[in-house]
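Look at the two complexes coming up: chain A is in both, with chain B in one and chain C in the other.
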Partner chain A sequence: MAVLVGFWELLVRGGVVEFDFLPAPSGIAAALASLAASGDLLPPLLHTLRSTIVGWVIGACAGVALGVWLGLSQRAWRYSMASIEVMRAIPPISLVPVALLVFGFSLRMELTLIVYVGAWTVLVNTIDGVRSVRPELLDVGRMLRMSRLRVVRSLILPAALPSVIVGLRLALSLSLVLAVVAQMIGNPAGLGNALIRAQQALQPEQMFAYVFTIGALGVSLNGALRYASTRAFPALAAGPTDVT
Partner chain B sequence: MTVDSGMPAATAGRRPASEPAETGDGRDAVVCHCRNVSVDFDSSEGRRRVLEAIDMDLHEGELVSIMGRSGTGKTTLLRVLCGLVEPGPGSVVTVRGQPLAGPPEGAVFVFQNYAASLLPWRTVERNVALGLEGKVSQEEIRERAAGALEAVGLAERAKDYPWRLSGGMQQRVQLARGLAMDACLLLMDEPFGALDAMTKTSLQDELQRVHREREPTVAFVTHDIDEAVYLSDRILVLSGSPATISDEITVDLPRPRDQLATKELPEFLQLRRRVYDAIVSDR
Partner chain C sequence: MATVELPGAHDTAGAGDVRPPGARRSQPRARWASAFPPLRGLLPLGAALALWQLAGREDSPYFPPPSRWAQGLADLWERGLLWPAAVQTLSTFAVSLAAATVLGTLLGLVVGASRTVDRALSPTLEFARAMPPAAVVPIAALLIGYETTMKVAVVTFAAIWSVLLNTRTGVRSLDPVLLDTARCLRLNRFDRSRKCVLPALLPSIFLGVRVAAPVALVITLLVEIVTRIDGIGALIATAQRNYLSGQVYGLILVAGLFSFVVNGVVSVAQGYAFRNRPGR
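So, the complex of A and B:
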């Protein structure tokens, strides 16, 4: 990483590559520092962080609840499977213009997209986790004469948990992607909008500064979720990778 | 997925209350009673009959092995006794006089695949406690789980996760889970089949000891003739297609049995020969 940045700096300074709007890393760092100092960085950063997390939480709750239901109920699954297979094939990005038309340039448009993508990702992974519980575990539940509620609580949900967590992590990254895209095209707020404005103002240093801020935000969100899930489920963190 | 299915299977064979399921000749009470049991499976070529006209009684405290070639339906028979497979029409299965409707109380299944039937996210003691939760008090759960782990010699591994233990230890955890339920009927499906020879013999002796101390009725499916003769009071041989019980061999070797002394007895060798012939003659 450091080598890469150094190489980039050398290329630009040495005049080896000459693009009008490709700044050197030192210039980007300076722009980032001045943006942070002037207080122009924090509001869009907080906006993006907030809408990503709020949208993700709503989407995740809906996705888990619906996913457990569809995974457990044979009938619900039969009736909804076809529509799910069709709907999941639509790239969420392609719904950005649709949301823009329906909701206008608003926070509602941004949040709707984030909730949508989060809910889908979590839903699909939760259904998958619940439905792929090993039959041996269900035999154990029957053999021990466990009630239906206990089978769900003590066997099916814990067995589906790793898959649900994968869904949650994917959903978080996608929520950030959709938040930035929505801000670039629709809702005039947040890092996506700031990025576009820097571009239109022909300020490449600032533009790259926003790009790297978005990247850092993505890495921190993912790290925070990973930490939280290992703290919340220590057995999962310590568990064998090859069992269930 | 339908955990709550498996409803009345053998209601056709409900016995009148005045006629208890006993042999009547003064022997021990019958724990498990099967008459004319058949099982059909749906396959791509339509229904296929796996078991037919199985008549079998398991008496209290008896250890009975079920043997036969691969694919004869030994496991299926065991699963019928545990209410995991529904027998065909006209089958009569009662456990302690009660017609079977789902998994019977006091029956515990020990699966061959221990890794898949223990919960990897629970510690050993919480795995053992699984079947007791919601049925007895917390304190009793702790006591019974601890007692069961003590009985299989795993008391000091209670806080470990099962996948940290060796295969033999994991199978002992599964046995402990059954003992904690105070099982009067242990249904063991090739429980030692996946273990190495040394572990296997030590677990056979472990089972023998537990059987002596707690006297459960045990139905034991195995491929291993030595193991069957060494452990059993009786050996049932399944053969044919659909399979039925083709032979029954009583093993009257003195107990307690010893891995070396018992296996050197001429009677042991004769029985071994006899069981081998019974299985191989199935053509």
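So, the complex of A and C:
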């Protein structure tokens, strides 16, 4: 990575690349430092982080709860799955304008979008996970005369966990994407908005600094979740981590 | 509404869901059926839409009833805007997906074949992959300018990762016997890649493309919405700015239709590509 960055620096310094707006990495680092020093970096960063996480948590809870119900009840599944498939096909990005239309430029709009996309992703993965629970497991629960809640808590959720976690991870990165998009064209706050303003002010160094921050945020959120899930459920750590 | 584009093969789907989950993969026919949920599952959606149509106010600025969606689409069609936009979106999508497949496979081969390259590039790849594509749009806009090339660049950038990573994993898990066989037969480099390596890698690459296809479509729409360069996304954004809510909802329907078709094509193609492979 260091080599690549050095190469980039050389290319730009040496005038080999002639894009008008490609700053050198050193310029980006300087911009990042000055943004951090002037306090223009932290508030948008915190805003984006907060709305991503809040939206993701709400969406995940809703998704898991609904997913378990739909996955368990044969009737609910039969009478709703096709609707879910159709609704799911609608790309969440295309709902950004609707949210803008309904909620205007506000935090509500941003959060609604994040919750929506998070809930769908988690919902679909939870349904998959719950439906692929082996029927024998349910028989065990019946034999031990477990209550319904107990069956869900100690048999179904653990069995569906790998699939749920995949859903949670996908949902987290989508939440960040939606947060940034919502901030770019909707709610005027956070990193997405800062990025757009830097672009419009023709400040490529600052813009790259914000992009870098967003990327770093994505990497650390993903890493934190991966760490937390392997920490909490060591048995899952053996699974493939490469392919999302 | 969307009943039309559901593939016809799932009249048999009713049989698929009484079976216990474990038995689902027993026959090709059952597998096919279980891929599509039963049609009566559309009831809640249909009911909700009907209720919306009947109870909703005709002139609601935020939640226009479905009849106004159709009207909005018809308006766009008559003004000759809908068709070119759809072509634009789909061609951007197709070109980018093709580019992502080719580039991703090549890069994946390089990264997978050499430990050194892998170690040198991994951090960069991880970082670039975690980057929300939306954040790349302003960079691409500044560097390339507001044109179709920029759209293709951003979408390719977003779609390339799953192809790349899957190819890399595929290369790593190539059977050494296969390579030895090629060496025994004294195949030259070209023949070796064409006859041994590529066929063995095809499932991995395909898995990557399968993940990449929906991503590419979503990002195409995203770029169009954010930059308003022609396409369905740009139409949606413009309609929203002009408070033409009927058009917005109608266009979202079109976007959903695209995504439905793309998903369908991908899963059918996958069934075809893996038809003589055991297991999944």
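Everything below uses one rule, namely that the second predicted complex is superposed on the first by the 217 of 244 C-alpha atoms of A that agree within 3 Å, B and C clash if a C-alpha of one lies under 4 Å from a C-alpha of the other, contacts with A are read in each partner's own complex, and residues count from 1 in each chain.
Rule of thumb we're sticking to: a contact is a pair of C-beta atoms (placed from the backbone, for glycine too) under 8 Å apart; a residue touches a chain by one contact, two chains touch by 3 or more.
Computed from a predicted model, the values in this text were never measured in an experiment.
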| item | value |
| --- | --- |
| Partner chain in contact with A:181 - chain B first, chain C second, else both or neither | second |
| Touching partner for A:38 - first (chain B), second (chain C), both, neither | neither |
| Touched partner set for A:134, first chain B, second chain C, both or neither | both |
| Chain B versus chain C as contact partner of A:222, first or second or both or neither | second |
| Contacts of A:147 with chain B and chain C, given as first, second, both or neither | first |
| Contacts of A:94 with chain B and chain C, given as first, second, both or neither | second |
| Touched partner set for A:192, first chain B, second chain C, both or neither | second |
| Partner touching more residues of chain A, whether chain B or chain C | C |
| Partner chain in contact with A:74 - chain B first, chain C second, else both or neither | both |
| Footprint overlap on chain A, comparing chain B with chain C | 74, 131, 134, 240, 243-244 |
| Chain A partner contacts - residues on chain B that touch it in the complex | 1-4, 6, 82-84, 102-103, 105, 107-109, 111, 113, 115-117, 119-122, 130-131, 133-134, 161, 163, 177, 181 |
| Complex contact set, residues of chain A against chain B | 72, 74, 131, 134, 136-148, 150-151, 154-155, 158-159, 161, 233, 235-236, 238-240, 243-244 |
| Chain A partner contacts - residues on chain C that touch it in the complex | 2, 6, 17, 20-22, 36-45, 61-63, 120-121, 123-124, 126-128, 130-139, 141-143, 162, 165-166, 168-169, 207, 211, 214, 217-219, 221-222, 225-226, 233, 236-237, 239-240, 243, 245, 248-249, 251-253, 255-257, 259-260, 263 |
| Complex contacts: residues of chain A adjacent to chain C | 1, 3-4, 19-22, 74, 77-87, 89-98, 100-102, 131-135, 173, 176-177, 180-181, 184-185, 191-192, 195-196, 198-199, 204, 207-208, 210-211, 214-216, 218-219, 222, 240, 242-244 |
